[in-house]
Structures are given as C-alpha cells and as structure tokens.
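Two complexes are shown next, each including chain A; its partner changes from chain B in the first to chain C in the second.
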Partner chain A sequence: MNDFVLILKNLFHKKLRAVLMIVSILVAFAIFGALASFEWAFNSREDSAQADRLIVVNKISMSQQLPVSYFNGVAAIDGVGQATHANWFGGYYQDPKNFLVVFAVEPDSYLKLYDSDFVYGPGAREAFVRERAGALVGERMMAKWGWKVGDLIPLSSNIYSKKDGSHAWDVKIVGTFAGRTPQNDSNVMLIQYGYFDETRSFQKNLIGWIALRTASPGITDKVAKAIDATFANSPDETTTDTEKAFTQAFAAQFGNIALMVGLVVGAAFVTILTIVGNTMAMTIRERTREIGVLKTLGFSGARILRMVLAESVLLALIGGMPGLALAALAIFAVRDDLIQFVPTLTMPPVVVAAALALMLALGLLTGLFPALGAMRLKIAAALGRS
Partner chain B sequence: MRSLFLQIVSVTTINLKSLPQRVWLSASTVVAVALVVMVLLSFLAMANGFRRTIEGSGGDDIAVVLRGGSQSEINSAVTHDQVRLIEEGVGIARDAEGKPLVSSELYLTVDGVKRTTGTKANLPLRGIGPQGAALRHDIVMTEGRTFNPGANEIVVGKGIVKEFSGFDLGQAVTFAGAKWTVVGIFSGGGTVFESEIWADAPVVQSLFKRVNVFQTIRARLTSPAALADLKAFAGKDPRTKEFDIKSEAAYFADQASTTSDLIQKLGWPLAIAMAFGALAGALNTMYSSVAARATEIATLRAIGFGGFPAFVGTLIESLTLAAIGGLIGALAEFFVFDGFTASTLGSSFTQVVFSFQLTPGLIAQGVVLALLVGLVGGLFPAIRAARMPIVAGLYG
Partner chain C sequence: MQPQPNRMVDLVDVSKRFVKGKETITIFDRLDLTIPAGDFIAVMGPSGSGKTTLLNLLGGIDRSDGGEIAVAGERIDRLSEGELARWRASHIGFIFQFYNLMPTLTAAQNVELPLLLTPLRRRERREHVETALGIVNLADRLKHYPREMSGGQQQRVAIARAIVSDPALLLCDEPTGDLDRATADEILSILQSLNRDLDKTIVMVTHDPMAADYARRTLHLDKGRFIEKLEKEAAA
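And now, the complex of A and B:
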C-alpha cells in the first residue's frame, strides 16, 4: 500500500461527501470555463487587431458615411501604406432574423490589407476581383448555411434598396476564406463596392470607413493626426484610430453588463470554493485520531503534510477537469447558434491553463491549513482526543 | 395525532436550536443559496428592466411607418413626397385646425462619452416635427425649454444626462461641424425616449445633408383599430405600398425581444448550474447535521419518539437555512441592484439606458428556487435521520 492508495482511500472514505464536493467543484469550473471563454471571445477581436492598422471614420459617429473621394485623399497622405475602404451592407439571408455580416469592399486593396488575417481558397482572390457580382464568403458562414462555391445567393439588405425598388442582390459565391487564427472571424461575406454602389438607389459615392496600414508601425500616431488635420473644417471631418482602439471602443458599447456578469459569477465561484474549503477542513479534523496512528507508525510530519495536500489537490482535479470538459462541450454546442453574437467563440488554451492553475490553487489553499494542522499534531494529543 | 404533532414540534425546536453548533457549515449553505438567488434575480431584473423600458415606450394608437424590410428606424428611409401621401391617410387623427397629427422624423447616431468608462458610445439623435413631443406620452420638460424651430438647439433625455458626459443644460456640443446648445432636459416616463437627443427635423436635415429625406413617420391614429385602415390606404398607392406600418407598441415589442431573451437565456442556465453547486453544499451540511446529532436522535427514538418527527425536523432545518439564504439574496438584490442604471446597445445600434427592475413575481421565482435547493438538500439526510438504527446511534 503506497501513499497514493492511502490518499485515495482517505478521499473516498465518506463516498457521498466526496461526491458532493466533486459536484460543487465541477459546477464551479463548468461556469468558469464557459464564462471565461465568452469573455475571451468578446475581447479577442482586440488582440487580433494590428497596431499598425488605422481606421478612419466620420467624426460624428461611426455609422455616418464619408465621401468616396476621401479614399484617394487619405491614400495620398505621407506615411500611409496600403489603404482600402468598406461599407456595412446590413445583410440578411431570406429572413431578417438571419442576419449576415456583409462588407461591400474595394476588392483588390481589401484582400491585400487583410492578407495577414485570412487564407484564401485556390483561385478565390482572382475570381473575386474579376466577378462583378461575386461574393467571397468565410468558411464559417459557408458551413452555417450549407453553401457551396458557385451557389447564387439572394442577399437582402435592411439598409439599402436597389434602383428597381427590390432589396435583394443576387450574388454568386466565387470563393472562400478562413481565418489564420481563431480570433479572425470568418463569419463574414465580402461583395464588390463597385457593383453595390452602382445598383443601390441612394447614398451613392459614400463609403463607411477607410482602413489602412502605415508605412511603419512607429508613425501611426503621427499619420492619424495628419489624416484628421487634412479633413478638419471640411463638411465631413474624420476620426482616425488604431484598429485596436476602435474595436475596444466598440466592445465597450455593450458596457457594464459584461462587468456585472463577471462580478456576479466571480462571487458565486468564491462561495462554492468556500463550501469545499470548509468541508475539507472538517474532514481532516475528523481524522485526527487516524493521523495520530500514522504518526505513531513513523510517518513524518512532512509526509503527512504532502498526503493531505495531495488529497485536496486530487479532489480539485477530479472535480475540475470534468467541469472544464463540460464547459467545452457546452461552448461547442452553442457555437453555431451564437455565431451572430460571438463569432469567435471557442475554448482557447489560455482558459484551460487558467482553469488548471485555479484547480491547483484551490487544492493547495483548501488543503493548506488542515495539512499544517495535521503536520504539527502531537501524537499524544491526537490519540487522546475523542 | 396530537402526540405526533408535539413530537415534530419538539424535534424541530431541538434541530433549530442546535444550529449555532454548526455555524460555519450552516452559514456557508446560507451564503451559497443567497448568491444563487442574487445571480438569478440580477439577470431577471436586468431582462425585465430592459424589456419594460423598450416595450413601455410604444403607444397602441401611434402608427410607425418604416421602409419595407428595414426592421429598425436607423435603417429606414422615407422621402418627402411619401410623407405627404401618408399625411392624407385614412385613420390619422387631426388637431382642431384640421392638420394631421403626424411627425416625420430622422434618426441618426452621434458620438457621446460614457461617464463610467470614458469610452465613446453611439447615441441616437432624433430630428422631430412640431408634433413630435405630443405624439409621445409623458414627455415633460424638467429643466429649460424646448428647442426653437430652425435653431441649432437640442433637448436631451434624462437618461442621456445621467449616463453620458457633456449634455448638461447650457452646454454646447459639436455634431456635423456645427455647435448645438443643450436648451432643455426632459423625462419620458422611463421610456426609451429618455435615451435620445431631440432636435428640429429641418435643422438636422440640412446640417446632416439629408435634404428632403426622413427616416420614419409617426402618426396618431383615431383609434388603435384604425391601423388597418391606414395600412389598406398605403397599400393602394405604388409609392407607399412597400411600407411596413405597425403600431408603435408592436414596433418596440419586436425591438425588445432579442436582447431580453438573450439575457434571460443566459440567466436561467447559470442560476440552475449554481443551484446544483449550492445543493451539494446543502446536502453536505445536512448530512453533517444528522451525523452530529446521531446520538441525540437515537436517544429520542429510544424514549419513544417516532422516525417521522426526525424526518420532519431535519427537513425543516434545511428549508429554514435555504429560506434565510433566499431572503438574504432577495434583500441584497433589492438594495444593491433594484433601480441600478445600466446602458447597452439596443437593436437600432444605439445606446439604451435602462434600470434593473425587480418585481414581486421575480422575487417569488428566486425564493422558490432557494426552497427547492433546501427541499432536495434536506430530503435525503432527513430520510437517513428517520431510518437511523437506534442501537448503532447510541453507541456511535
């Protein structure tokens, strides 16, 4: 009988109590795993944003548009490298509830600028640049709707209408693309700005925003100021921000709700851990006599400390691992349903690592005081206590 | 029968009086249940507050006219000519001079800065016609006056003033390269309009370069039933037949459902998962309680008490702990979060300021969840207490 067997026997000495504690820990880590993954997905867009990419929007609000002539104006400013422009199309498929992320973009320059984020299917780039009514669709969107390359899709807009009064554009899927990392959202469709602008009935020659890369990362601030200065006092003033600042500001619009959720769940997590800590301490206290016997048999204090700590860490792992697995299952189950709200939802390695670290911390923390007590216990006192 | 009742009373009293002996374990159960209830009530109060703010905004007797397929005001577009056609529509109420009670409006977004975080947020700027304020219930100017027609003046809802900086009375803000002065602050009975900035429609049209274009038309109907007449009227003319016309109440109900459903869908599973955690805690506490009182229970049985009183006593102890937890949770929620103001993006892509609203119904849901935890958490330990062999108990 080695120490590990003894630890297991101790742990499941009272089976029901052990199972209950395991369930508590399981629930805590299932909640942690699920919410940390959501939080990561909400904030991951910021991480994927690159520091040397700038976004130029109308100063009034990002939902006001800019004249298309600004594109050439911005491109001519010193320090601006690649630049492109895009429009929010307000797309949906068949029913307004089937909301699609569709950008009307200037094809060649857009693909170049976002080359570092996406991998395109064979021939997809060339086909998209060539086909006026073509659409380039991210693979998650393809999978969600079961589309194939070559399909004709009636694409509706809740903002724009065509000159003939209809709201549906027929676009042909000419290729697909995938994100290089999970942070790069591929639940996206790109269509040609030229085709879109020519066929829409109003707001012609306007663009949503300009995205650009500066010639070198060190000069982003200077270039941003130069762009805004160029258009100061014009009818459409601009605000230029790094892509990161822009996405951060956007995420912040959902506001204190995210914070609230975090606080409430954090508090709950701590409580469940308190229950476990309390029970663990009680378990060890009840075993005082047994520990006295072990010491009489010649177990050193250090060995007893190790055994008690190993028991509590084992308990945390036995409860925590399935909890985390349950969270992963839940995340992957709702992933496709929530694609419109949190497109990059997944359980990233960093959440798994954080959970493992928390399990260790929980095990050590709940075991520490009982273990110290057990280590210092005098044999006479232990055996004397009834 | 009477003796059974007396037995139950005395065993229950013993159970409850011995609670202080297990104070930490019992307290951890109470706290766990309280937190479960708080989490559940937070989500429910948030969803409820959001839904009430938006749904309460719409009147039955107000028609909203949107371009077909646009879903929300921000995406809609209506031309000046189309406004004229609708103004002559059937079922629209008229004032004493015979003018139709119609407001053609613009709905744009402008940037504001959130007080709590200092970050930018989309705020709705609504250009309204002279009848605009009268077409909404409960609009009261609490400070200052309304804007003068043709002037760069705005009035702001009190929700905006509270959550976003720079909109105090008399302050100047810059939109579209022009300076606008805040001349008034209004309250709107807790509706979504309190999260809006209003200005004169023609001024907004010219400064935002939307000449001759509006986004929505609001019209007071002679009665809620007149909506069908207006729809039929619009359907006859090719220039207006593709419009979506609905009552303002129906419009806002559609707008509210997605977000509040999402909040509720998040809240219930979370609370249930946590309830299982708390349940494990409660079971643990109660089994410990039964174990600690083993000798006592056996003694009672030996002097003639039945198993059933032991069962009831344990169950009541568990229910008491859960009820205390549930009440603490509900009270804490009430004092900390009821009326707590928050803002988030609504479906028009603009900020909606709303406050958490607890109702007796929601609190009841929370307490029921707490009692369920107490019931299940006490049931099995209670069965064990009732079946405890007397001899083993006396020697344990």
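And now, the complex of A and C:
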C-alpha cells in the first residue's frame, strides 16, 4: 500500500456518492470539450483569414449580388493588387441533403489570390484554367464522396437553373487541392464562373463578391474606403471589409459561439463546483474520526492536506478525462455531417490542455477548504476525546 | 528537568484547563507522575477525573497549560506540531475503545498505515505487518476487512497497528470497554504479554477492576489528582 492507494480507497469510501460526483463532472467536461472545440473551429476559420485581403460585397446584404463590371472597377482602384471574384453556387450532389460548398470563380485570378492557402495537385491549376467545364475539388471533398480526378460529376444547385430548365451542371474533376494548414478548408469545389454564368438562366453578369489583396497591408483601410466611395450613390453600393471581419460576420450568423460556450460552461462549472465542493466537505466531515486516527498515528497536518487535495484532484480527473474523451468521440461522430458548416471541427490540443487545467482547478478549489479543515483538525476533538 | 533514561514518563507540575464559554474547568493543577520504563499501569477513576486527558497529554495529542512533560526521553511539551507528529509515529502506539480501524482497508493495510511514515520498503513493511499480526494471532486474517471481523479481532488488529512500528509506550483507552469478558481477557492477556515479553511500557485507562488486575500497578485519579497508589505484586 502507499498514499495513492489510501487516497483511492478514501475516494470510493461511499461508492454511489463517488460515482454520482464522477458522472456530474464527466457531463460538465463533455459539454466543455464539445463546445470549446466548436468555438475553436469557428475561430480557426477567422485565424486563417489574412488581414491584407479585402472582401467587397453588396451593401444591402451578403446575399445581394454585384454587377460583374464592378470587378474591373475595383481592380483599377489605386492600391488594389491581385483581385478576383466569386459566386455562391448553392450546390449539392445527387440529393439536396448532400450539401456541397461550391464557388463559381474566375480561375486564374482566384488561384493566384489564394495561392498562399492551398497546394495543388500536379497540373491541376493549368487544367482548371484550361477546361471550361472543369472543377477543382478539395481533397476532403474528394475523400468524402470517393471521387477521383477525371470523374464526371452531375452538380446541382438549389438556387440556380440552367437555360434548359434543369438544375444539374455536368462538371469534370480536373484536379485537386489541399489546405496548407488544417485551418484552410479543403471541403470545397471550384468551378469556372464563365461556364456557370453562360449556362444559368437568370442573374447573368452578376457576381457574389470581389476578393482582393492590397498592394501593402498598411493601406488596407484607405483602399477599402476608396472602393466604397467609388460605388457610392450607385444602384449597388458596396461594403468593403477585411476577410477576417467578413468571416466573423459569417460566423456571427451561427450566434455568438464564444458567449454561448462561456455561459453554458460557466453555469455548469459553478453548479458542479458547488455540488462537488459541498460533497467533498461532507465527505471529509464524515471522516473526521479517521483523520484524527491518521494524525494520532503520526500523519502530519501537511500530509493530510496533500492527501485530501489529491483526492479531490483525482476525483476531477477521473470524471473529467472520460468526459473529454466522450466529447472527442461525439465530435468525431458528427464531424462528417457538419463538415460543410464547420470544416475544421476537431478537438485541438489547446482545448485538451484547457480542460486539464480546469480539472486541476476544479479539484484544487473543491478540495481546498475541506483540506484546510482536515489539516487544522485537533486530534482530541476529532476523536471526541476532549 | 532532564529526561531520565530509566523513566518512560515524567510529569512535573503539569496543569491543564478547558474553557467552556465563560467557565474555566481545571483538569490538572500541578500534577506529578513518574512511570518507569517497562511498567504496566492501569489508570482508574470516575468520569471527568482526567483519565483521557492524561493519555492525550502523554501521547502528545493535546497540550498542557503548564509544567513539564517528558516521555520516552523527549520533552514533548517543547515540540512543534510537526515534531510531535513525527515523535508519535516512532514512540507511541495508541489503542482505542472502538478500535478506530479504517473501514476501507484490510487488516494488513490498517496495520501498515504507521509504516507509511517510515523509509521501509514495501517488502520490509509486509514483513513487519505479518510479524505484528502474528503476535496478536491474526496471521490468517491479513486480507479481511474490519466489517468481516469480530470486535475482539478488530481490537487485535488495532493492537498490531499500535506495535508495528515498535514504539516504547502503548497508550490504551478502555481497550476492553466494548468487548465481552472472555474476549476482554484475551486482549488483556495480549497486552500483558507485550509488557512482559517485549518490555513495552503500557498505560491503560479503564473502568473495569478486572482489567486493572492485569496491570502491574493501578493509579486512581479523582478530580485531577492521584488519590492513592496501589502497588501490586509484580507478577513478572
């Protein structure tokens, strides 16, 4: 036997109570693990957005389009470097529930602008620029649907129709690409704007947004103002902002994730802290005589303090670790279903580290007062001998 | 006062008071007591006479308000709490009326507890535990939990725990108070044997005159004073 065995035996002195405490801690850390991972996934999208890239959208709403002629107007503004435009296609594969992230883009300029984010398969860039009905597909999307280069895909849209009344565009996969970092989403398909615009039955010569890089990061604000000033008082006024702000605005559509995480986790933690702290105090009170005996045998107050703290930390770890594992499993299970909304969903090391720190804090906080009480306990009083 | 080598306990002018609300209760006022090494003393007296307080002071689990206390060659009234804890671990064995075993630990683990405070290795600890349980005739109950044992067996485990670290002084507080006569006699015989054969000094508080008969001497406490000392024929 050693101190650890003694601590473990004390912890499970009342088995049902210990199990209930462990379950409550487990639930708390399962919630924390899942929500914090979601928050990280949303924030990581923002982190991947580069500060010197600007997005120009219709001032009324992101869902309102802009005339394609604006592209040349923007490109001509002083301080604008590489620029491109893109359009939300609203795609799906075979069935509307098989949602696909598809952008209709101007191939050459788009690939140049996002060159720092992606790596392309051999010959993929050239083939995409060359083939009018070609599609450049991210590796995660390829893997999800089991596609390979050369496959002909019937790509449907839940927004647009073709001139012949159908909703399906036949595209050929001409190459693949992958994100340079996990934050660069490769669950995406790119098709040529020219092919898309030529064949769609309405909203011709319109684009979803313009993306551009300024000549230098220091003039970003100035360029953004110049762009919006250029189109002021026109039928389609613009709003220009950094890609990061654009992404944040997109993420905000899903609610304030950080606030939600904070409130839920905070409420759960305060509740569990109270319950576990009270139960620990009750447990130590019940063991007053045993603590008195240990002290009689020669266990010092400091050693008793360490043992009680170790017991509460062990309790937090025994409950917290499986809770975190459960959250990781849940994330793994729903990851594919949510890939289009949260493509980088995973449980990153930073969340695991934060959870471990919280477990330690929970254990130390709930054990501190009972441990101090046990340390200060007078033997004679504990044994009812005074 | 210098601790004497042939004396296990030396109390000189010891006083002890308890404060309850506005009332101060004096338990001992300038109490003197000397117990030679190797003695077996029964302390008797009515409730509230100070028997348990005397054991508490001798075992260093309570502090006196004045006077000098030397036990096993150490002025324990001068020790800090931490020093007292270390001193108790190596010099004192306690035996309580209600055994005070840890319910979640086996007999062997209960006996091993004091050895966790020593530098002994696991194998050495196991040997000490087996020896101690052998002395109290419980070598076959190593893995039994307290709830699986009778009161007498639990008290024997408690005795094994008290002697496992080979202390010089055993302090027993009504060790047979919760046992039937036959079992009490077994326990008292073990204590007598520890005193005679292993030279342990024993101070035993009891209400039972038959239990006191197992001791070499009986001291009677009343209102914090020894009112008579009955020297018994040493039965050694």
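As a convention for this text, the second predicted complex is superposed on the first by the 362 of 386 C-alpha atoms of A that agree within 3 Å, B and C clash if a C-alpha of one lies under 4 Å from a C-alpha of the other, contacts with A are read in each partner's own complex, and residues count from 1 in each chain.
One rule holds in what follows: a residue touches a chain if its C-beta (ideal position, glycine included) is under 8 Å from a C-beta of that chain, and two chains touch if they have at least 3 such contacts.
On a predicted model such as this, the values are computed, not experimentally measured, just so you know.
A.B. asks: Does chain B (first) or chain C (second) touch A:290, or do both, or does neither?
C.D. replies: The answer is second: A:290 touches chain C but not chain B.
A.B. asks: In the superposed arrangement, which partner chain does A:2 touch: chain B (first), chain C (second), both, or neither?
C.D. replies: second
A.B. asks: Which holds for A:267: it touches chain B only (first), chain C only (second), both, or neither?
C.D. replies: A:267 contacts chain B only, not chain C.
A.B. asks: For the three-chain arrangement built by superposition, which of chain B and chain C touches the greater number of chain A residues?
C.D. replies: With both complexes superposed on chain A, more residues of chain A are touched by B.
A.B. asks: Go through the superposed model and pick first if A:27 touches only chain B, second if only chain C, both, or neither.
C.D. replies: Only chain B is touched by A:27; chain C is not.
A.B. asks: Could you tell me if A:173 is touching chain B, chain C, both of them or neither one (first, second, both, neither)?
C.D. replies: neither
A.B. asks: Looking at A:301 after the superposition, I want to know if it touches chain B, chain C, both of them or none. Which is it: first, second, both, neither?
C.D. replies: In the superposition, A:301 touches chain C alone.
A.B. asks: Once the structures are superposed on A, label A:379 by its partner contacts, choosing first (chain B), second (chain C), both or neither.
C.D. replies: Touch partner of A:379: chain C, not chain B.
A.B. asks: For the complex, which residues does chain A have touching chain C?
C.D. replies: 1-3, 5-6, 9-10, 12-13, 289-290, 293-302, 378-380, 383, 385-386
A.B. asks: What part of chain B is in contact with chain A in the complex they form?
C.D. replies: Result: residues 24-25, 28-29, 31-32, 35-36, 38-39, 42, 46, 67-72, 74-75, 77, 108-111, 114, 116-117, 119-122, 175-177, 208-209, 213, 242, 262-263, 266, 270, 273-274, 276-278, 280-281, 283-284, 287-288, 342-345, 349, 351 of chain B touch chain A.
A.B. asks: Quick check on the complex: what are the chain A residues that touch chain B?
C.D. replies: 16-17, 20-21, 23-24, 27-28, 30-31, 59-64, 90, 96, 156-159, 161, 165, 167, 202, 233, 235, 237, 248-249, 252-257, 260-261, 264-265, 267-268, 271-272, 274-275, 278-279, 282, 341
A.B. asks: In the complex, go through chain C and note every residue touching chain A.
C.D. replies: These residues of chain C touch chain A: 18, 52-53, 55-56, 59, 61-62, 81-82, 85-90, 94, 96, 100, 102-105, 109, 112-114, 116-117, 161, 173.
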